[in-house]
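Letters A, B, C and D name the chains as they come in the text, with residue numbers starting at 1 for each one.
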Amino acid sequence: MKKIINNLETIVLEMCEGIVKAHPELELIPRYQIVKRKDIDQNKVSLVSGGGSGHEPAHAGFVGEGMLTAAVCGDVFASPSTPQVYNALEEVATDKGILLIIKNYSGDCMNFDAAAEMAEDSDINVECVYVNDDVAVEDSLFTVGRRGVAGTVFVHKIAGAAAEAGADLAEVKRIAQKTIDNTKSIGFALDSCTVPSKGTPTFTLEDDEIEFGVGIHGEPGIERQKITNSDELAKQMLDKVLAELDLGADKDCAIIVNGLGATPLMELYLLNNSITKQLNERDIDVYKTYVGNYMTALDMAGASITVLELDDELKKYLDASANTPGFKQ
Amino acid sequence: MAVGVLEVKETVRRLSEIIIENEVYFCDLDSVAGDGDFGASIAKGFREVLKEIDDIDTDSISSFIRGCAMIIMEHCGGASGPIWGSAFMAASRSVKGKENLEVSDIAEMFDAGVAGIQKRGGAKQGDKTLLDALIPATEALQKAGEEGKDVKEAFADATKAAQEGAEYTKTIVAAKGRASYLGDRSLNHPDAGAMAIGVIMKELTEG
Amino acid sequence: MKKIINNLETIVLEMCEGIVKAHPELELIPRYQIVKRKDIDQNKVSLVSGGGSGHEPAHAGFVGEGMLTAAVCGDVFASPSTPQVYNALEEVATDKGILLIIKNYSGDCMNFDAAAEMAEDSDINVECVYVNDDVAVEDSLFTVGRRGVAGTVFVHKIAGAAAEAGADLAEVKRIAQKTIDNTKSIGFALDSCTVPSKGTPTFTLEDDEIEFGVGIHGEPGIERQKITNSDELAKQMLDKVLAELDLGADKDCAIIVNGLGATPLMELYLLNNSITKQLNERDIDVYKTYVGNYMTALDMAGASITVLELDDELKKYLDASANTPGFKQ
Amino acid sequence: MAVGVLEVKETVRRLSEIIIENEVYFCDLDSVAGDGDFGASIAKGFREVLKEIDDIDTDSISSFIRGCAMIIMEHCGGASGPIWGSAFMAASRSVKGKENLEVSDIAEMFDAGVAGIQKRGGAKQGDKTLLDALIPATEALQKAGEEGKDVKEAFADATKAAQEGAEYTKTIVAAKGRASYLGDRSLNHPDAGAMAIGVIMKELTEG
């Protein structure tokens, strides 16, 4: 394993310090690894998210104007603890309440839920939404449901714009949930990531293999298959994602062509060319396109596509300005 | 042999050591179908338990276990923090007022732990989680208590039950936890948490 | 080699199409692989840069408000041809002239110079600056001088702000040259990149080796050495870079902690923590910090640091807003 | 044997084929101290030359070579475009008005090419570039012309000189091109461009 690190035990803390040093409008609460805005407006709903680290810029990189109020940073790929999340809620509580945006993983749900219960005991008004955009996972009543992946960024962006515009907690939650309901994603890995504490790749692929439907922690996906070209990858992904949305000639969408960490922008733009071309061939207009590393999986090589079905309300909030380290417009 | 607060403390110390010794093994188990961090997640919490163990309130068994629960909840990463934390928290409540534990008390404590985990995580037996080892172990302890076995014998029975439960997780499809994303592909691999319960019970029993 | 591609021959063209599809304010001239702003202001100096591809977002990703007017995209790691550059000059020529920002490589210098000579023959007013910030290379009269690396981004940003503010060509050139004179960089690789047409890594490092002073095309650097931790890497880089600048207690700097392509943001922020900490220990204030992938080397793992010595004039232009795919503020 | 425009065209066709055949080898040579794209860069241009060769104006040797120069300049990547393009452009100028080339004309053409490269790139002999093969080859052609040798013999002499020049680049430190960033570390490796000149001259001579 080759990484730029000092000490396995303090990776996340040192990273958080590096973030606030680069972005002086943010501050760090070191004990709980909370990255938060310095200026908190009591008249707005606060947005808190977070989860395991290793997905940078998610989530600390989305703290700032128009997106999150705070992000709670767990260890690499491990949910932050209940006390961590609880302290974030205490830090950013406003008169209008807090929306917790949780990626749907057992660990995250358990810790964030427990913290939300504790916060309610302290009379903090908290609502939760659970992002579950990964269509690689079959959805059923008998399982924990789908994973949250890069679609989470749209939820941060759109709910953040609603909160910034002054909407109340119920309204911010409604808009966040609407975003979740209309967001679907799928990804593939060309190569595994290496979790620092483990030191070796989580899985091994042959030189001509990819993992289609991979999760952002290196969890396996739908199947291991032979590598193919960009157009074919785009087609496979779109087939899966569009089957779950209701996009037709008269509906726009926004997309994120997301890099998983080790795949350079050159390949992402090339993939975007394949994706956008095929969406247009399917009579679907792309209203807005984001290409880059938004929700990574450490040093995994690969990419994901997220498609958000838009209506006028979502467009308005998607278009609003945002100024965070990892997302500016 | 009475199990008082000092024996409980020594057991938690040993438990912590076992978990730390098996950190890499538990991570490996979690990489097959999970995200490979299970060993690191629990070792991190129990390393902290070991560090602070002599500062934890030993007024009563209950207060001692509660102190452990707080540390676990704060320092175990991932799903393991709330799972193990709520197990210890519930266990602490179940032994309130007791100065010494009989086998039946220990069984009751395990049972409370199971209920705590289920309340937090919503899993049931057969979902391919550590409950598939912990519930059989609890039942074995209950039975041993009824049959009047001593702690050592009871733990031996519980170990056997836990290990069988862990083996059984190879034959089922995960419904909770990260492994559930795999669908049928989680077959033939045991659940990391269940395997860990088996290992821990075995090592505790053997001293 | 595992990459998201369709066809080796059309990688750069497809990438450029993916860029303009994602950023509709830009347009592509496919024959010459020129990415340019749609709106060109005749009352402002145009800025043209470019070079080999594989450094994304550089340079096409820096086309837009407050930075470049056009970028000419050569093949992977190969200078664009003279006709390519010449056509870009024709496309963006304004009454106020054009500044060409060239990274100091033989191929780029020869092609851009030849194109500038052709443009002058057509009465287009062109000036050139040559970026040479890489202190890994010894500077001497007998060689071609130092390579241009991530410091180029500061030149785009600051000269772009001057052009946007309406400065004339001589003034924009003066400010660009001043930025070049005050910018120094150095980088290291943890792992080689793989040039698509070659298909195998350009160089091979052992599991415990890094290449210190590496170039952004995989050119070797100062030495192959044992891997070390983030603090030590930061120290080595700062020793080299600061020796060439005149930064003291009363002078600020701006820095870019730049990823070379396959190194995730987590590690870059961690490295930034080491760097900023040590700059402060050396009594140097960091006025502005940029952390991310700005000048990459395909899928190379590693990072570089760029330090720009600031005065009030440079600060003013550095602070100005910019709105391009790869650099927004 | 007179060298007219058709012979020049056939030579350029063969030259293009040689370059394309050696694409990977030339890339490998460039990876040691350069960026590994030399073979791809020139092959790309000469592939285009081959494709368009029958459309290039063959009114005169000069116009034909000029047509090649334009294609090379547009389609050869990297440093190679202006280097090879300006060589061909200068060569085209030097044979203006000539319908047939003697060995001395060919030598003059090479000499013009060298001057074109030097004007564009500013390198001189000993800087570890293709000039270190091309200048000796040019001198050998001049000498052969003075000695009244025929084209075949002259090319054999030039090949030998080019190959020796290429070998010699192993012993010097690069001052121009990417390899110059290496400093002393460029020692013991030949220059890719110089080696290519040697290979090309040899294959052209052998037919």
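Following the convention adopted for this analysis, a residue touches a chain if its C-beta (ideal position, glycine included) is under 8 Å from a C-beta of that chain, and two chains touch if they have at least 3 such contacts.
Predicted model only: the values in this text are computed from it and were never measured.
S.K.: What are the chains that subunit A and subunit D both touch?
M.R.: Chains touching both subunit A and subunit D: C.
S.K.: Going by average Cα coordinates, which chain is farthest removed from subunit C?
M.R.: Here the answer is chain B, farthest from subunit C.
S.K.: In angstrom, rounded to a whole number, how far apart do the mean CA points of subunit B and subunit C lie?
M.R.: 54
S.K.: Cα centroid separation between subunit A and subunit B, in whole Å?
M.R.: Here subunit A and subunit B have centroids separated by 32 Å.
S.K.: Taking the mean of the C-alpha atoms as each chain's centre, how many Å separate subunit A from subunit C?
M.R.: Chain centroid spacing, subunit A to subunit C, equals 29 Å.
S.K.: Nearest whole angstrom, what separates the Cα centre of subunit B from the Cα centre of subunit D?
M.R.: Each chain's C-alpha centroid was found; their separation is 75 Å.
S.K.: If each chain is a node and each touching pair an edge, is that a line, ring, star, complete or other?
M.R.: Graph shape here is a line: each chain touches the next, no loop.
S.K.: Show which residues of subunit C lie in contact with subunit D when the two form their complex.
M.R.: For subunit C paired with subunit D, touching residues are 52, 74-79, 81-84, 105-107, 110-111, 113-114, 136-138, 142-144, 147, 195, 197-198, 202-203, 215, 217-221.
S.K.: What part of subunit D is in contact with subunit C in the complex they form?
M.R.: Those residues of subunit D that touch subunit C are 27, 31, 33-37, 40-41, 44, 73-83, 85-86, 120-121, 175-178, 180-183, 185.
S.K.: Looking at the complex, which residues from subunit A come into contact with subunit C?
M.R.: Against subunit C, subunit A makes touches at 2-7, 11, 14-19, 21-23, 53-54, 56-57, 61, 190-191, 207, 210, 227, 229-231, 233, 257, 261-274, 276-277, 286, 289-291, 293, 296, 298-299, 301, 303, 325-326, 328-329.
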